[in-house]
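Each of the next two complexes has chain A plus one other chain: chain B in the first, chain C in the second.
So, the complex of A and B:
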């Protein structure tokens, strides 16, 4: 069973169709890449899966369960009552119905095990590297308001555990010596790694990386590819958007190609590389 | 670079000595100072410290620009005044209401916060400004409950069991009030310090830094922001209860925009957003300027001009002119301080970096570390 599947996923922004009927299926434990020219709709797909955008139509399935809209009516007619999602969430949990169906709000998607990084790095600039990763662990923490307010023994124990885990993650991405640096003071390459560490902090099953190699030199690209392999080695499925063909071809096991919001090719790297439609999309039609 | 707040459990470390000394000084102050009116001033200053600490949660930690903080202060005050006065002849214990009205203020924090959740920055400021104006007006017009323009006079005062020949009645004696507010502030500092270094505190700061990224890392931005409003408001509930009983009266005029919301915001920004020490210093400084410097200034100027003994200057009567341009002078002082120290008097570590820029040493250390 694929870990992530989209069926006929479509997103319109006014007259522009950013994503048009895309069917994807990312298998458990693979490294899956999405490529395509600028403006092909790759990041939009990420944003749809992550719950930042709501699909115009189509379905998103995570672990075979529908991610997307169950309570369409509420969403459309009660937007000003922002608190209600939370209330509904709490009520469902009390009733033993489990968390709300996926896809509604980004934090709930993350809680289910989908983490992401951003194309333009979005770290918490004025927090230290360690704090950034600790924020990442937020959805896996259980301290309630009272625990935070009174620093109960439970909160203290949890803090210690989370701090240790965050240090471990920083070591994993090779930033252990920079844990007390403010994120904004880190060099660019380290910031990208820190963002990955923060995403790993949420203990994802699926990690979505949006152009992780952008702006990297060849050495950094090699390190990144190693890191991606290591992440997969931990049993985490990796879904990445990447422009750098060397990285894509070397690291990924399957590739999907988008152009103008539509899927034009899919398959292993060797096959995609020679696909005439892909070549056309990238190089233009030969005369 | 290590950052650590002075922990309350860490008395005895050398770096904490100034704090311990300060604590002793604060405890002994009313005993050593025979001038009761100064103790009284200090007891009022504590209200502002509490308000500034509370607003610091909303503005400094969560980064939500709230211009209507006076509303929660008013709600806390009125909640106490209605439930502990001759107004309805209800007299519930002060100690119970101290926490009850904090809770009531927190609930209103959620109610007023909920509609603003989708707003940011300037837009949020305008909506909260509106709430800050509405709430005192409601209190003024709902005269059945609140006594309207006249407010509620004869608010109950705290009582303790009699000890050491002291009756336990607070009455109009400023000394017990002083110790009370000191205790409340210490409690608040303890709670806020806990919050700052907790799951919730980190979530607030994450939202302040980047809301989209915070949501993507699994923070429920709705509840987290509402909690900022609620907890921020609860401290002004403490302050409101204390203020009402200390002043013996609540009236809608005490909670206007320019008297409270702006002043508290100025205290937070000028002291150093997000820094507890800074905010306390800011609150005390602004209170000192407002309640002492600005009031004494005309007198000083009159005596200075008469000392100079220049006929022309005495005739000009600068003293009364200064008195009338109170707000102008206040504004000039504020503008001056902000120009000299844009990061605040005692900025938080973050703000320091933000405004002074990353130091070049750090950048060099980085490169060396990566090589």
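So, the complex of A and C:
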């Protein structure tokens, strides 16, 4: 059973179809890459899976279970009513607020075991590297509001445990010497690594990396590829978007290619590299 | 010299109250960039809840042995109830507008402010109502000055709450989630932080601190009325801006400084409170013009 599956995933923004009927299936334990020209809808797919956007139609299954349990039902059985089936929904539409957000909210998706990094780095700049990773561990912590307010022994013990785990993750990505620096003061390459450590803090089963090699020199790219292999070595499935062909071809086992929101090719690197439709999408028809 | 010391103590006492209110403004601004204009009235409501609890428990006539647990109980219950009021207001008036243009929640905040004032007016009438001072009386004589024991208690209660708040924000799971949400809401959600709950907790804490401020105000001035929140809220807002809105330490510092300024101006100039207000709001304008980020800036200083 694939760890992540999308069926007919579609997202419209007004008249623009950003993602159009995309079927993906990411197998447990593999390194899966999604490539495509700028604006092909890759990051939109990530945002849909992460729960930041709600799909216009289609399904997302994580470990075989739908991430949008409620909406799915109505979509399948009452298509003409989709989006209009409650008074609240109709009122929201009248007010221009869009349909009721249904399905899991992003924090619940993260709790299921899906974590991600961002194309343009989005660390908590005014927190230390260690604190950033500790925020990542938030969904795996159990201290309730009252534990936090009263700082009970349980909360303190858990804080210590989480701090140790965060240190370990920083060591894993090679940032242990920078744990007390503010994220915004770290060099660019370290910030990218810190984002990965923070995402790993959520203890994901599936890690989505959005252009992790952007702006890296060849040396850094090699280190990154090693890191991705190490992450997979821990049993975490890696799903990445990447523009750098060298990284994609070397590190990933299967590749899917998007163009104008549609899937145009899928397969192992060797096959995708020579696919005429892929070459056309990247180089234009005349090439 | 004696007069100077007296004004200083008065200023610190008033400052403690302003600081407790300012914390609510600054926390809410920090997390959802909303100036919660209803906060001054939440402070008044907190004071009234405290007064109601005191009369239900009959604490004005309680023997000294029961007074201390009674006062602690009043603080805890009033802070919790007021916290829930803050959460309810957020749920009804601010959360539905979170993605609306920035002006919309600002208008509802002003609306909530008038609603709360109206309700208090209807329930409690237009007159000043006397408030019992349950803090110990007497004063400490230091030779050059005498300090009211009650004032010392007020300053200590406020400082204790502020230190606890700072520890909470800096060193706990929920506090860290609050800081993360303040810095990047979407990134925080994707790291598994339930931002709706985190924002609700922020409102709870801010309103609870305002209730503490309201009860302390009652003890200090021994009077309360429905419109108390208007001026005190605006002055506390000035304190929050002065310290750097969004910055918790800044709000506490700003509160104390504004309190001291008010009492020195009021004490040394003919005309008292009117002059204080002129000076305080001049400070607000000057800060906004020359140092919009306030004394300590929006966030923590650079390490």
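Please note the rule applied: the second predicted complex is superposed on the first by the 252 of 287 C-alpha atoms of A that agree within 3 Å, B and C clash if a C-alpha of one lies under 4 Å from a C-alpha of the other, contacts with A are read in each partner's own complex, and residues count from 1 in each chain.
Quick note on the criterion: contacts are C-beta pairs under 8 Å (C-beta built on N, C-alpha and C of every residue); 3 or more make two chains touch, one makes a residue touch a chain.
On a predicted model such as this, the values are computed, not experimentally measured, just so you know.
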Chain C versus chain B on the shared chain A, clash or fit after superposition: clash
Chain B or chain C, by number of chain A residues touched: B
Partner chain(s) touched by A:260 [first = chain B, second = chain C, both, neither]: neither
Touched partner set for A:124, first chain B, second chain C, both or neither: both
Clash-bearing segment of chain B, relative to chain C, as chosen among 236-244, 308-316 or 362-370: 236-244
Chain A residues contacted in one complex by chain B, in the other by chain C: 50, 52, 105-107, 110-111, 115-116, 118, 122-128, 131, 134-136, 138-141, 143, 145, 147-149, 151, 155, 158-159, 180-182, 185, 198-199, 201-202
Chain B - residues contacting chain A, complex: 1-3, 110, 114-115, 117-118, 191, 194-195, 197-203, 205-206, 209-210, 212-223, 226-227, 231, 350-351, 353-354, 358, 362-363, 366-367, 369-370
Interface residues, chain C side, partner chain A - complex: 99, 167-168, 171-177, 179-180, 183-184, 186-195, 201, 299-300, 302-303
Chain A to chain C touching residues, read off their complex: 50, 52, 97, 105-107, 110-111, 115-116, 118, 122-128, 131, 134-136, 138-141, 143, 145, 147-149, 151, 155, 158-159, 162, 180-182, 185, 198-199, 201-202
In the complex, chain A residues that touch chain B: 50, 52, 80-83, 85-86, 105-108, 110-111, 115-116, 118, 122-128, 131, 134-136, 138-141, 143, 145, 147-151, 155, 158-159, 177-178, 180-182, 184-187, 189-190, 198-199, 201-202
